[in-house]
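Note that the chains take the letters A, B and C in the order they are written out, and that residue 1 is the start of every chain.
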Amino acid sequence: MRHHFKAALAAAALATAGSPALAEPGVTDDKIVLGAVDPLTGPPSLLGKAHQLALIVWQRDVNDRGGINGRQVEIVFEDDGYVPARSLQALKKMVDVNDIFGLIGTSGSAQLAAMMPLIAEEGIPAINDMAVNTHHFNPPQKSLFVVGPTYCQEIAAGMKYLVETVGLKDKKYGIVFQDDEFGDDIRCGYLKGIEQHGLDNAIELKFKRGQKDFSAEIIKARAAGVEVLVSGGVVAEHSTLLKEAARNRMQITFLGAHSAHLLPVQALAEGAGDGYYAADYVPALTSTEVPGVVRFMELAKKYLTEPEMKSLNRYSLAGFAGTLVFEHALRECGVDLTRACVIEKIESLENFETDGLFSPLTFGSGVRHAASDVLILRSNAADRSFSIVSDRIPVE
Amino acid sequence: MRTGVFQESYGELIALVRHPTQARWTVALVVAALVAPLLLSNHLTALVNGILIVAVGAVGLNLLIGTTGLISFGQAGFLAVGAYTTAILAADYGMPLWLCLPAAGLAAATFGLLVGIPSLRLKGLYLAITTLAFSIIITHLILTAEDFTHGSSGISTPKPALFGLELGSDRAFYYLVLAVLTLAVLGSANLKRSRIGRALLAIREQDIAARAMGVPVARYKLYAFVVSSFYAGVAGALMAYNIRFVNVDSFSMIISIEAVSIIIVGGLGSTAGAVIGSFLIIGLAELLNLAFGAMGGTVATGSVLELKSLIYGLTIVLFLRFEPDGLMGIYRELKNRWINWPFRY
Amino acid sequence: MDYFILLAVSGLAIGVIYGLIGMGYALIFKATSVVNFAHGEVMMLISYMAFSIASSWALPFWGLLGASVVLSAVVGLVIERLFIRPMLGQEVFSTVMVTMGLAVMIRAVVVMIWGADPLVMPTDIADSGVEIGMVFLYTSQLYALGLLAVAVLGMWTFLRYSRLGIAMRATAARETTALLMGIAVTRVYALAWAIAAVIAGLSGVLLGTIYGLSPDMWAQGLRAFPAVILGGLDSVFGAALSGILIGLLENLSEGYIGRGLKEISGFIVILIVLMIRPYGLFGTPRIERV
């Protein structure tokens, strides 16, 4: 009796397991399903929510204009809370349950690293415009495309600006950087800048992630006579460093990577938050001279509520521009939409314009990184904004 | 309903299975466990994998806290050691799974020995705080020993494979985890019914009296730490293979607190409780996910994660307040009520 | 020498806050034998509540502190009544686990109500400070120093001279005997939690003013824990003094040795103290009788 029951069970299981796969996952006659993993909760939600809102704006605009080749776009959002294990779990769920076609939200650097094996295994076309790291594209992955310079390239460009345009070649330089991959990347750019322009590297200070009190670090920097400080902090650290430096009566020029290009950083630094530099690859939300920004802000006003508008920041611009790349490939593939086609279309992009949000993007066979040249922005505390103060600086 | 069940010999007293009914239920459980992945979706199987891996660690921790009475918040540190050992050996040195798992256990056990030394002098809260400090220091050390551990970049582990069999899919990996958990549970049950297990119980009740009776307290306390951390190391190794990405962030203090709450919710001292507790605590998070997913739309509602944390914290508080004996305690009460009905228990 | 003075002053500035937080830990442990793992979270909660108050009404800083005192007392009493009182009679460890569960809950509630973004405490003393020689101290840091002195003095007189204070010491020494002597132990517990919450709240407002508010502020509470261990878990003054010592140790070790020692030096201190002298510098040894 027991034998029959078990056999029947096994047969049933096998029968259900062998269902025929869809022609292409995530694509039906009237729908394309995309996925996005973002940190929507927790402190990094500053990034995740802004990114998500941009994707929503894009989706609503595309659908209102008739979809892509007659198909409406649906985006499945998953929150990973910035924990790599959860990112992978979220992606697994999106693959198993939601059957996504492509991935347009890849969360942070370590989070994407956790998802990369699954992305490669399933061949999911993915765009990373959030957090760029060398191991995302070196060695190049088949279906993962990375837009934006690494922090190393950003800071190196920033240093170039400080030396050539602001004229700070003879000053003493110092860096305060976080004890993780992110901080190491910033330091990489810093050292490149030091070497390229023959600068005086007065001090390098490492700090543990999550640290709040930087008085010891600033005291050491001051003792070393630092006049230009490069910050390898994420968000709040920039502000604290600025405040501590002001408290210790230090006259410094401050440079941060694109995570310093955020209004909360400016606001948290209170009095000391004026006039610092941030190296970024997208313009400011108020850069009305850039058509891409104007277009995005108009769409955002149309589709988002007032409080949602307040959550927008540079991650929204980067996310929106990333979706433009994906949209282009989706459209080019026409009605016969396959993953292989999309991957091929993105790969063959040459000088792809995003209305000034990024500099023209180029991928290629075996090339999965389109760096985009760097812009330097300056913080204006008086009108709570940032303004572009440089032309695009090409990255190496 | 069993009445008149007496243990009349030493053999019966320490038997693993005391009654044919128990044996039958155990077989049913084994069959269910073997068949489960065929009936569950990939996603659910992956979830169960995660729970079972946590259960392996919990069974070990239960030996330490429940059986020996030594409060330890060091679980996160030992999991991290196990996970990193495996990741480094598998990714950087290409060692196979059957070597990495025990190696991870041994590495964690070595640290366990270190962490156990304070237990010879300290008790209760003071010991708990010491283990907490150790756990934090261990994770800090992992971060700083960059050359070895890749620092904060994390390590990507290769696919698990056992003697040529690819275990990359969730279903295949499930069987590996199930095997390890079975060994863990058997080991723990055997330990508890052995001489050492009884000595550990004596230490829990009153260690000074135990020493007076001739129990080598110091040795057995360290033994408890070593065994418990070995389990945690193996669990960490399984985690490394399951998540395929190892990073210090996954091993914060919160994991230690979660581990202890699993033990308490499951029922202090009960191996089965450790497993059930894992299902409840980890499964709760996923259950809430499903519940909120069913209620929300395509845009995740702002505070879902926080609400989950809130409910999770509340669960712990309520259990401690109303059911300090945990789920096994509830089970025992229900069983006794059922047996004695219609009489009051 | 300049370098040393700057580091020492920084250490003192943060150490004073550690001392305040530590006093709260010690008071609760002294009165109830419970280590309150939710202390950092309570501090954070009150800091955020103060933020809401400061955002709605323009108060002078001392006014904000005063409002926080009242708020903290209420919060402390509520927590004690809802979460701790029902655990009376159960093992201490269970109550400690309850505080851990409570900590998780408070963290979640803070993010649910105030969001996850870092915030600035709107005060009228934001950037102001004084310059003493080469050292510049924020006004808020001076407040912290003053508050610690007031707190230490206040606790000393309270515990020594007031009836409730003596009742608290009696309960801490021998709870059953205190009950027999007619002391309302539950009231003592409630009072201990209220006072601890007040001290926590004040340190939270100060931390929020100096470093800004963020949902991971509770970690600062954990950083103050070594102070309480060093001083002795049941010594309130020991905690205050050790807080300053830990602050100095952190900054000086970071300044002279570096390598991220600042974060970890506290926990190393915990280990050393617990191994060598578990009752800390000023704690009372507990003798276990069989």
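Please note the rule applied: a residue touches a chain if its C-beta (ideal position, glycine included) is under 8 Å from a C-beta of that chain, and two chains touch if they have at least 3 such contacts.
Since this is a predicted model, take the numbers as computed values, not measurements.
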Shared chain contacts [subunit A and subunit B, defined touch]: C
Chain whose average C-alpha position is farthest from subunit B's own: A
Interchain centroid distance [CA atoms averaged], subunit A/subunit B, Å: 37
Where subunit A and subunit C are represented by their mean Cα positions, the distance between them in whole Å: 38
Chain centre separation (subunit B, subunit C; CA means) in Å: 33
Residue numbers of subunit A (touch at least two other chains): 41-42, 179, 208
Junction residues of subunit B - those touching two or more other chains: 140, 144, 303, 306
Multi-chain contact residues (two or more partners), subunit C: 111, 259-260, 263-264
Residue ranges of subunit B touching subunit C (in the complex, touch as defined): 71, 118, 121-126, 128-130, 133-134, 136-137, 140, 144, 206, 208-209, 253-254, 257, 260-261, 264, 303, 306-310, 312-317, 320-321, 324
Interface residues, subunit A side, partner subunit C - complex: 41-43, 45-46, 179, 205-208, 210-213, 215-217, 219-220, 222-223, 235-236, 239-240, 246-249, 264, 267-268, 270-272
Residues of subunit A that touch subunit B when the two form their complex: 6, 9-10, 13, 17, 40-42, 52, 56, 74-79, 81, 83-85, 88-89, 92-93, 96-97, 110, 113-114, 116-117, 135, 179-182, 184, 208-209
Of all residues in subunit C, those that touch subunit B in their complex: 35, 83, 86-87, 90-98, 100-105, 107-109, 111-112, 222, 225, 229, 233, 259-260, 263-264, 267-268, 270-271, 274-275, 278, 288, 290
Touching residues (chain side subunit C, partner subunit A) in the complex: 2-3, 6-7, 10, 13-14, 111, 116-118, 120, 126-127, 129, 136, 138, 211-212, 214-216, 219-220, 250-251, 254-255, 258-260, 262-264
